[in-house]
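Note that subunit A is present in both complexes that follow, paired respectively with subunit B and with subunit C.
Entry: the complex of A and B
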C-alpha cells in the first residue's frame, strides 16, 4: 500500500538549481547527486556580474553571464542596467530609488508620487525604457541557458535566494521575472535560511542516531544591496530560525556615500545625464570602488582622477574617514544584530556557538569588527567552514535538491530549515494604528487570529486594510477589502474576526468573518471573506492615504480593550 | 479532553462551512492542477492577467484556499466517527502523528495533547532540552518542505501536524504559556487581562514599574531584571507545587504573578 503513495522519486526528476542573484554578482549551483557544485560560465567563472547591456548591434540585450567586459567602464556607459535587485518592486517615493537616480549612470526618473520609477538605458543616444523585472528576466534567461548547456538538460525549476528585507511586493516582482524567463520558482528563500541549511549540513552528526547537541549560530550576511541577520538553533540537520532581521543597506551605500564625500556637488553635477556626465560618473564610480576594496587591506588610499570639465579629484582617504562617512550604515548593522539577538532571546553573546559571516561586505574590517565585537570573540573565531561568497547559493542548491524530492543514501540531504517571517503583518484599527496580527519572527507556517469590533453605532461595513511592516515605522499597504452585512448593533458588539495565514511557501491569506454574540450557535452571520495578499500593486502610498481620508473613520475597526497588550 | 475555547476560531469556521458546501470531487482536477504550481507563481498569476478568471470561479478560489489552510475538509470537525483509531492507510491500530508500521502521516487528532506529542508527562516541570530534539525529529518527518513527494492528502495532514507541533513547541517552551496550557487542559481558562484585585500585589507592581521608569542606566535595569527572574522562578515553583496538588486557585494566583513579572521583564528588554 505504502508504495503507491510515492516515497521515492523517479530518476528522471529534474533537480531544481539554486540561484543567488546579488546586486553586484550572481552565482548558480546544483546538487550533482552527491554534493553541491557551482556552475561556471564559458570563461570558467563562478561569480558573474549582474547586469544587462542594451545595444543596437546585437539582436537582444546581453548580460553579465555570457558577456566579457573589456573594462569596467563599459558597464557605466548608460547602456547597461545594473543594481536590479535594489530597484525591483520599489516606488519612486522610496529613498533608495531617489538616491540611485542620482548616482547610477543609466536613467531613473522619479516623480515622488508613489508610482513606479521610469528606468531607461542609453542606446545610440536614445533613452530606451525598460523595467527592473524585464532586465532581471533577460539576465535570468542567460543563466538558464548557461545551466542548460552545462547540465545538458532543460532547466525549469529553480530555488532563488532573496534578502530578508524584501517586501511581499518585491517577492512578487522577482517571481514575475522568473516566470518571464520561463523559470518555475519552487522557493524564494531568504538568504540567511539558505546559509542556515548549509550550516545544518556541515553540523550534521557523523554517527547515525546521534542527534548531537543544539548549536546557536549567528548569521550575518551583507552584500552590495542588502544586509541580513539571523539567529539559528541547529541540531541533527535541522535549523530552527529564532530571529531574522534585514535592511536595504549594503556595499552600494558605502560606495554612494564615499562618492558623495569625494564630490559633494555630484547630484547637481550629474543630474542631466548627458554623455559627458555619464562618463564622469563612471570614472568616479570605478575609482571609488577600487579605493574601498583597497581599504580592506591598507590604512589609506590616494584617489587621483580627472572627471573632465576641468574637475580633478585628488584626495587621500583613510580607514577612519571611510568609517566616519559611512557611520549610518555601520550603525544600522549594529542595530540589526542587537535587534535580532533580542528577538531571538539570546541574552548573552556567550550563548552563540558559531558566528557565520558571509556576503561581499564580509571582508570589510569595520564589518568584521562590529560582528565580532557584539558576539564577543576574536576575528580568528569566526566560523571558517563556509565560503562567504558561495554560502547562499550552496544553500539554495541544497534546498533545490530537497524541494525536488531527492534522497541521498548517505543522509547528506537529511536537512531542514524552519523559517520565520521577517516582517510583522497586521491591519489598521483604532483610528489609523497598525495592529500586528502575525508578529515578525513567527515560525512558518503560521496562522493567527484577532477579534475586532465596530467603532460606530449600527456600523454595517468594516474596512480591513492589511499592511506589512518592513521597518519600524514603515508599513506597506498589501491590500484591503470590506466586510459587509454586519447586523445593526451598538458599537463594540459585533465580533469581527480577522485571521491571517502564511503557509510554508510564504503565501499570505487574510480571512475575515462576523459573529454576533448572544445565545445560539456561534456561526458567521455573513459569508466569510478570504483574500490572498498582496492585492494592491506595489504598496501604493497614495492609495493608502486616500483610503484613510475617504473611508477611514467610517469603516474603522477597534480592538477590544487590552488586546494590544498580550 | 480539551475544553472548548469560548471563541470559535475563524479557521475552524471556515473549515466547517467549506466542508459542507462544496463538492470536492467535482473540482478536484482544477485543484490539483493549481496545487502543483508553487505558490508564488500563482500569486504572480492571480495578481495580473489571471485575476478575472479567479473571480469568475469563486468556488475554485475557495476550495484551493481551504486546502492550503491544511484543513482536510471534513476531518477533525465532524467528530462523529472516530477516524483516528486506526491508520488511514494500512489500518494499523492507534497510529500517532505518523503511523509506525507504514510511515503515513495521520490527520490531526486533537485529543493528543501537546505533552504527549513530546512524550512527556502532563506536568509543569520539564527537563531542559527535552523539547528540542523531539521537535526537530517531528519536523523532519512533517514539515511541508520535506513531504512534497507524498500524496496531496498526506501533505495536507503533514502541514497541519507540523503547524501543531510548532504550536506545541512554542507553548511548552516558555514556563508561563506552559502553565496556562496546563490549566486549560484541566478545563480552566486563564484570563490574562484580568485586573489585579489584591492590594498587596498591586502596590508591588506599581513600585516595580516606577523603579523601571526611573532606572538611570542599564545596570539598574539589569538589577531589576534579575530580581524579576528570581520572582519568576519562585512563582514557577509555586505553580508547579500547587498544580501538582490540584490547588487550582493557588495555581491561578501564581500565573497572575508570573504574567506581571514577565511583562516587567519585557518592558526592561525594550528599554535596554
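Entry: the complex of A and C
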C-alpha cells in the first residue's frame, strides 16, 4: 500500500522539529532517527532566553538565540521585547496586558476598549512600534536558522507546544508568527499533551501488541507565563487524555506580585516610562527574580537595592511571606488540579500512578507541596523519569516525527495521544446565556449538534454568536453569522440546528441550517451555512461588547431556563 | 421586534433575533404514547452534520451508520468494561486521524468520532444500561443522538435521571408523532426500509 499512495521513505522525509517557546525560555529538539535530541545554540546552550532586542546598530533585531547578554539588565533597557507568549493574541482589556504594561520595561499602551495593545521598543530614545507576533516571528526566524545550521538541511515543518489556556485567537496568532518566519505548523500541541506523549513512550511495554496495564498520570506544568494540568491514561503507547485545564498564571505573576509587595507604589512610580524609571524597574525586577530563585532553597532572603531615584529598598522576605503575597496564584493552582481531577472522574488520589511535575516553576517548594498534597504523595514519589525543563520540547519532537510519518523499526514511535479540547465552545441563546455545544474535555476530533428554535413570532433571521469559554464565566467571542430565510412561523416552531466540528488539525467549523417540522421530507429550507472560526479578529472585544449590549438589554429579566447557567 | 436597541451604525439594522434551545422546554408530566422507533429521532437531531458530510466527500458512503455501538467496536453485547476499553484502544490506533494515511484523514476522522461515541456510551455503566435497554426494545440510537440528553445529564444528577430521560425521549417521540402524518416520520420510514432491504 505504501508504494501506491506514494509514501516517502523515512530517510528523505523532512522530520518536523519540536519547538517549545516559553514565556521566559525556549528549547528546540528533533528526532534524530533513533531518539530525541535537543538542539544547542552556538554557545552550546539548550535553553535560550525568549527575547528580541531592537537597535539601530544591527541591520535587524537580534534575539536570545544568537545573542549573548553581558548582563540581565541589558534585557531591561526598554529596547528588548520579551514575554511575547503572555501578550500574544490578547486585547487591551485583558488584565494580563494591563498588569504587564505596569511592570515591563518596554512600552505597552492600553486604552481599555477591547483593541490590540500598542507595543513599542525604545531605540535611540524613540519608542518604535511592533507587535508580539512580529517579535515572535523574528525569534522563530533565529530558531529556524539555528536548526538549519545544526541539521545541515532546510527546516520548514514544525510542531509547537502551546499552553492549554490559549484561546483560539492566540493559536491563530502563533500560527501567523510561524508563517511570517517561513515555518509550516504541523501541530500546535498543548504542552501537557507533549509531556503525555513522552511519558507514554517511556511507559511502553517491551513486547509489542501487549497493551499492558493502564497507568493514570497527573501532569502539572507551570512555567513563567502559564500553568497546565492534565490527567492521562496510558497503556501500550496510547495515551488518552481524560482532562485538561489551564490558566494564565505562572512565574511572571509571582514576580509581579513580589515586586508590588516590595514597592507598593510602583504602578505610579513607573507609569511615565522615562529612562530613569525603566532603569529602576530593571533593578527591581532582577533583584526580585533572584530573591524568588533563592527562596526555593532557603527560608529567607535579604533584598537590598538602590532604585536610583533616592529610593532604597531594604527588606527581608521569607517563604511564608512569599506564599502569602502569592496566595491567589497558589489557590488557582489548587483549583486547576481539583477541577481537572473532577473532570477526569478520578475520584481518589490513590488512583493516580504517577505525578509528573514539569516547567520552570516546578522547583518552587509551595508548588511541589500543593501537587503532592492533592495527590497524596511524598516529594520523593514525584515521577523522576522526565527532565522538567525538557519534557515539553521532547514531546513536541516526538510528535514532529509522528506527524512527519517517520517509522521506527524498534517501535519507539508506535505512539498515539488522544487529546481533548481545553475550552467549551458554544453559542449565545436563551437571552444572554452561553450554551456549550462542544463541552470542554471532549475528545478530539469531535462533532456535536444541537437544535435551537426561534424566540419570537414570525422571526425570519437568527443570529448565531459563537463563544469560547476560556475561563469560568469568561467567554471570548469567536465570531457570528446570521441564518436568514426562516419561514414565518410561531416562535418555537422552526428547527435551527447548530453543528460544531473540530477536525484533526484542531480547526473549528460551525454549521447551521433550518428545518420546518411536519412538512414532508426533512430538508433544509435554506442553504446550510458553514463558517470557519474564528471570524472575529482584532477588535473582537468591541464586537462582543456591542453584541452583548444588544442581546442583553431588557432581556435579562426573562430567563426561564436559568439552570443553564451552571 | 421586541424592544428598541441602541444600535451603532455598523451593526445590522434589524434587531438580532434570539435562539433558545428547544431541548429545554419544560417537561410535562409523564405521557405514555405508542412507541415510535427511535431511529427517526436520531436523524432528526443530526441532519446538519449529515448534510455536511454528504456534501463533503464520497468516502463517507462506506461508513455504515446503522451499526450498533457493539457492532461498531466489534464486540459482543456481553463484554466487560476492560474488553470495551481494549477494543476502543485498538480501533483508536487504527482510525485516529493522526495515524491515518494521507488523503483519508476526513474518512478516518468520521470513523474515529463514531468509535469515540460508542466507547463513551458503553464505558459509562449508567449510559450503557440505558443504551442496552433501548437496544433491547429495538430502538437504535445512532451517533450524536444522545448528545442533548448527555448535556442535560451532566447538569442533572440524581436517581431520577433515568426516569427523566425516558420522559424526555417519550416527549420527543410524542412531538414527532404529532408532526408526522402517519405515526412515523419520513426519515424513520426510510431507515426502516433500508434495514428491511439489507436484512
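Please note the rule applied: the second predicted complex is superposed on the first by the 537 of 566 C-alpha atoms of A that agree within 3 Å, B and C clash if a C-alpha of one lies under 4 Å from a C-alpha of the other, contacts with A are read in each partner's own complex, and residues count from 1 in each chain.
Just so we're on the same page, contacts are C-beta pairs under 8 Å (C-beta built on N, C-alpha and C of every residue); 3 or more make two chains touch, one makes a residue touch a chain.
In this text, all values refer to a predicted model and were calculated from it rather than measured experimentally.
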| item | value |
| --- | --- |
| Simultaneous placement of subunit C and subunit B on subunit A, clash or fit | clash |
| First, second, both or neither for A:276, with subunit B first and subunit C second | neither |
| Partner chain in contact with A:318 - subunit B first, subunit C second, else both or neither | neither |
| Subunit B versus subunit C as contact partner of A:506, first or second or both or neither | first |
| Touching partner for A:172 - first (subunit B), second (subunit C), both, neither | first |
| First, second, both or neither for A:402, with subunit B first and subunit C second | both |
| Partner chain in contact with A:238 - subunit B first, subunit C second, else both or neither | both |
| Which superposed partner A:435 touches (first subunit B, second subunit C, both, neither) | second |
| Which superposed partner A:532 touches (first subunit B, second subunit C, both, neither) | first |
| Which superposed partner A:331 touches (first subunit B, second subunit C, both, neither) | neither |
| Clash-bearing segment of subunit B relative to subunit C, given 23-31, 41-49, 95-103 or 113-121 | 113-121 |
| Contact residues of subunit A, present in both the subunit B and the subunit C interface | 1, 5, 7, 211, 214, 235-236, 238, 240, 402-403, 405, 416-418, 443, 445-447, 449, 451, 495, 497-499, 501, 503-504, 511-513, 515, 522, 524, 528, 530, 561, 566 |
| Of subunit C, residues touching subunit A in the complex | 1-3, 5-8, 11-12, 14-26, 43-49, 51-52, 85-86, 89, 92-93, 96-103, 105-106, 108-109, 112-113, 116, 120, 144, 147-148, 151, 154-155, 178-180, 185-187 |
| Subunit C partner contacts - residues on subunit A that touch it in the complex | 1, 5, 7, 211, 214, 235-236, 238, 240, 402-403, 405, 416-418, 427-431, 435-436, 439, 443, 445-456, 459-465, 482, 492, 495-499, 501, 503-504, 511-513, 515, 517-518, 520-522, 524, 528, 530, 546-547, 549-551, 553-555, 560-561, 563-564, 566 |
| Of all residues in subunit A, those that touch subunit B in their complex | 1-2, 5-9, 171-172, 175-176, 178-179, 184-188, 211, 214, 233, 235-238, 240, 342, 399, 402-403, 405, 414, 416-418, 443, 445-447, 449, 451, 495, 497-499, 501, 503-507, 509, 511-513, 515, 522-524, 528, 530, 532, 534-535, 537, 561-562, 565-566 |
| Residues of subunit B defined as touching subunit A within the complex | 7-11, 13-14, 17, 38-48, 61-62, 65, 68-70, 89-90, 102-104, 129, 132-133, 135-137, 139-140, 143-146, 148-151, 154, 159, 162-163, 166, 170, 192-193, 263, 269 |
